[in-house]
Structure formats: structure tokens, C-alpha cells
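These notes open a run of structures that come right after.
Here come two complexes built around chain A, the first alongside chain B, the second alongside chain C.
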Partner chain A sequence: MKEMSRIVKTVTNFVYGFIIIFGFYIIAHGHLTPGGGFQGGAVVGSAFALLLVSYGSLNSQKFLKKDILSLFEGFGLILFIVLGFSGLGITFFYNFLANSGGWFGNAAVIGVNPGNMNTGGVIPLMNIAVGLEVLSAFGVIVLTMASAAEFTKKKEKS
Partner chain B sequence: MSSFVEIIHISTLIMIIIASFLAVVFKKLLPSVIALTVASLLLSLEFYILHAPDVAIAEAGIGAGLTMAIFIFAIRGTR
Partner chain C sequence: MKKIIFGIAFLIFFSFLIVSAINMRTFGEPAYSEMDDYFIENAQSETGANNVVTSVVFDYRGFDTLGEATVLFTAVVGVIALFRGVKK
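Right after this comes the complex of A and B.
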């Protein structure tokens, strides 16, 4: 698939960094504000789709590699299931970090949320794991669709 | 105040219906996909008005972003 015009590429160069940073903001604030791992990962995946549509599938093989994204996907899933199993002394998915004073361990205030990032126990770590998995999975899906369209076009020409 | 919210509600629903009708009527494929994306984006606005910002973010990311990209790849593959 060939690349689009110069206007589209210039607007993409301005915008895609901000979209990726906004997606990571949604992932990191998942326990305080609306959104979470899945929504932030979907936003970052739409930034990957924008890059792939504007630059074409052949040029974007340089900065979006399928093997690295697949590795990140496996790492996110392993992190999630390890966090689930590590509270197994009491129950499965036990929140063992909440109110402990360490990482993400401050006590949450009852009522209106004052915006303390350091609360929530194991939930922010699980949000980060789910966000990593979802963004790399959407990147792999979009890359596979682009290369499959290219392959079909090449096969029909020959 | 509630009448203002109801006016936005009803106009958003009417625009969703118009955009979905245009997605069926258009003869070319690329304007049809753009109309479908506009309908999905207005549906995301409707979710936000109904106090579900979680679903609105997910709908705007998946329904308006990734679905349009996959449809554009499919259309370019047929050409």
C-alpha cells in the first residue's frame, strides 16, 4: 500500500505524539479518572493505525515491528497473571499492596477523590499490564491487516 | 437546564440516523466508510451525554479509529 499525500504526512507528524501521550495518561490515571487499561490501549492503537494509514505499510516497517509488539503483548499478559497469583496467600487477585504504605499504598479518602496518584494498591499495576497488552495487540492486528491487503493485491496482479 | 440536554440528545440522535442513511446510500466506497465513522463518533458523543465516559472513550478509539483503518485497508486491497 503506497503512502498518502504530503499534507496528510505533515499533520500526522504533528499529531501522533500527542495521541500516544494522551493514551498513556489515560492508562496511568486509570484508578482515578474515567478510562483504564483497555481504553488507553485503544487510543494508542488508533495512533498506530494513523501512522500506518498515512505512511503506507512498506515505509512503516522501519518503526513498527511485529516481533517487538508481540513480545510486549506476552510480557503484559505474564505481568497480569503474576500479579493475580502473587496474592494467593489469602485469595486469588487479593489486593496485597493496598494501605501498606509502600508502592501505591496510601489510604484512599472516602468521598470526593482528591487526586492522590499513590493509592489503589495493585490496581494501577494491573492497568499498566492491561494497557501494554492491548496497545501491542491492536498494533499487531493493524499490521497484519495491512500486510494481508498488500499480499492480496500482489497475488491478483500476478 | 434539562431541556437543553434534551435538545442536544434529540439532535444527536437525528444526526446519527442521517449519517447511517448516507452510509447506505453512497455509491463510492470511501465516502460510505467516512459516513459510518461519523455515525460511530456521534454515538460516542451520545454515550458521553448519558454519563458513561468509559464507554465513550472505548467507542471513540475502536469504532471511529481502528474500524476506519481496517475498512480503508480492505478497500485499498480491492483496487
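Right after this comes the complex of A and C.
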């Protein structure tokens, strides 16, 4: 994939940080506002796709490392499974942190209210785990396909 | 001949669809709502999360979400396996 024009690159430089921050906001506030791990991860993955399209696959491999993203993907899935197993004293996927007073353990106010970040028990941690997995999965898929397209083009020329 | 038979079969099937659409229950009044009422009343106090949808997805049906995450992981493994011979 060739890099695009200077206008596209300037707008990308301006906007991709905001897109990534918005995605992490959706992930972190998954237990209070609409959204969650999958949706926020998709937003961050779209920022990676924007970087790849505007800078080209050869240039973007300097700052988007496929191996690191692959590592984060496995880490996210393992964290999710470990969180599911750690409630095994009662049932699988038991919310053992909710209303316990510790991490994310405050009781929610019943009724319509803006909400408290420190509630939800194991749900925010699971949101973070799933968000990490989804964003790195999207990045890995896009980067792998881009490098494969580059390889095919080079093979056709020779 | 074949077209006529298929047309008649399609008309019969479509009339059944129309009849069942007319006899459908009005929107927002399900026949059984014990499950919905339980979630709406108890989700905030049981899970501590304000977003009931997230508490259903990640707490009451966490096993389903585990399956979705595994499906995504398998998709990435498939993509990498498909392009594994490609050197950068």
C-alpha cells in the first residue's frame, strides 16, 4: 500500500490520538455508559487502520509492531480467562469483587444516577481485558493483510 | 412448469408469513417478562454496575462473552496461518 498525500497525513497526525483516547474512554467506562470492551476495541482498531492507510504499510511498520500487538492479544484473552476462573469458589464467572469494598467494590446507588467509576466488581477488569484483545486483534489482522498485499505486488512485478 | 410450481409454493409460504405478521403480539408487551423484570430490578444491586447491558454481557452471561473472545482469537490465528509464508 502506498502512502497517501500530505493533506491526509496531516489530518491523520491531528486526529488519530483523539480516536485512540476516545476508544480507551469507551473501554474504561464500559460499566457506566453505553459501550464496552468490544466497541472500544473496534474504535482503537479503526485508528490503527487509519494510520496504516494514510502512511502506507512500509512506513507504518516503524510504529505499529505486529509482534507486540500479538503479545497483547494473548495477554488479554488469558487475563479474561483468569478473571473467569478466579470466581470459581462459588461458580464460574462469579462476580467476586462486587460490593466487597475493595477494588471496584463500592455498591452502586440504586436508581438513575451518573455513576461511580469504583463500582462494578470484576466487570471493568473484564472490559479492559476484552478491549485489549479486540484492539490488538484488529491491528494484527490489518497489518498482516497489508504486508501480504505488499508481498504479492512485489512478486507480480518480478 | 418448474417456475409455476415454485411460484405457487412461494405464494403459500408468503401468505403464511403475512398471517403470522398480522397475528403478532404488539411491540413492547412480551408474554413472559419475569427474566427482564429480574434484571431491571436486581442488576444494579447484585453486580454494582450501572449499565445493565454490560452486567448481562460480562456477568450473567460471561460464558457467552468468553466464546466470542475465543472466536475472535481463532479468527486472528486463521489469518496469520493463511499468510504465514509471507516474509515482510
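FYI, the second predicted complex is superposed on the first by the 158 of 158 C-alpha atoms of A that agree within 3 Å, B and C clash if a C-alpha of one lies under 4 Å from a C-alpha of the other, contacts with A are read in each partner's own complex, and residues count from 1 in each chain.
By our rule, a contact is a pair of C-beta atoms (placed from the backbone, for glycine too) under 8 Å apart; a residue touches a chain by one contact, two chains touch by 3 or more.
Because the structure is a prediction, the values reported are computed rather than measured.
Of the two partner chains, chain B and chain C are each touched by A:145. Judged by the number of chain A residues each one touches, C leads among chain B and chain C. When the two complexes are overlaid on their common chain A, residue A:43 makes contact with chain B while staying clear of chain C. Looking at the shared chain after the overlay, A:73 reaches chain C, while chain B stays out of its contact range. Legend: residue contacts after superposition of the two complexes on their common chain; A:64 is shown touching neither chain B nor chain C. Contacts of A:53 after superposition on the shared chain: chain B is touched, whereas chain C is not. Within the superposed three-chain model, A:133 lies in touch with chain C and out of touch with chain B [touch as defined at top].
By the touch criterion stated above, A:34 is placed in contact with chain B and with chain C alike.
When the two complexes are laid over each other on chain A, chain A has residues 34, 36, 38, 141, 145, 148 in contact with both chain B and chain C. Within the complex formed with chain C, the chain A residues making contact are 30-34, 36, 38, 61, 70, 73-74, 76-77, 80-81, 84, 92-93, 95, 98-99, 104-108, 110-111, 113, 115, 119-123, 126-127, 130, 133-134, 137, 140-141, 144-145, 147-148, 151.
Chain C makes touch with chain A in their complex at residues 44-51, 53-55, 57-59, 62-63, 65-66, 68-70, 72-73, 75-76, 79-80, 83, 86-88.
On the chain B side of its complex with chain A, the touching residues are 53-54, 57-58, 61-62, 64-66, 69-70, 72-74, 76-77, 79.
Touching chain B in their complex are the following residues of chain A: 1, 26, 34-36, 38-39, 42-43, 45-46, 49-50, 52-53, 138, 141-142, 145-146, 148-150, 152-153.
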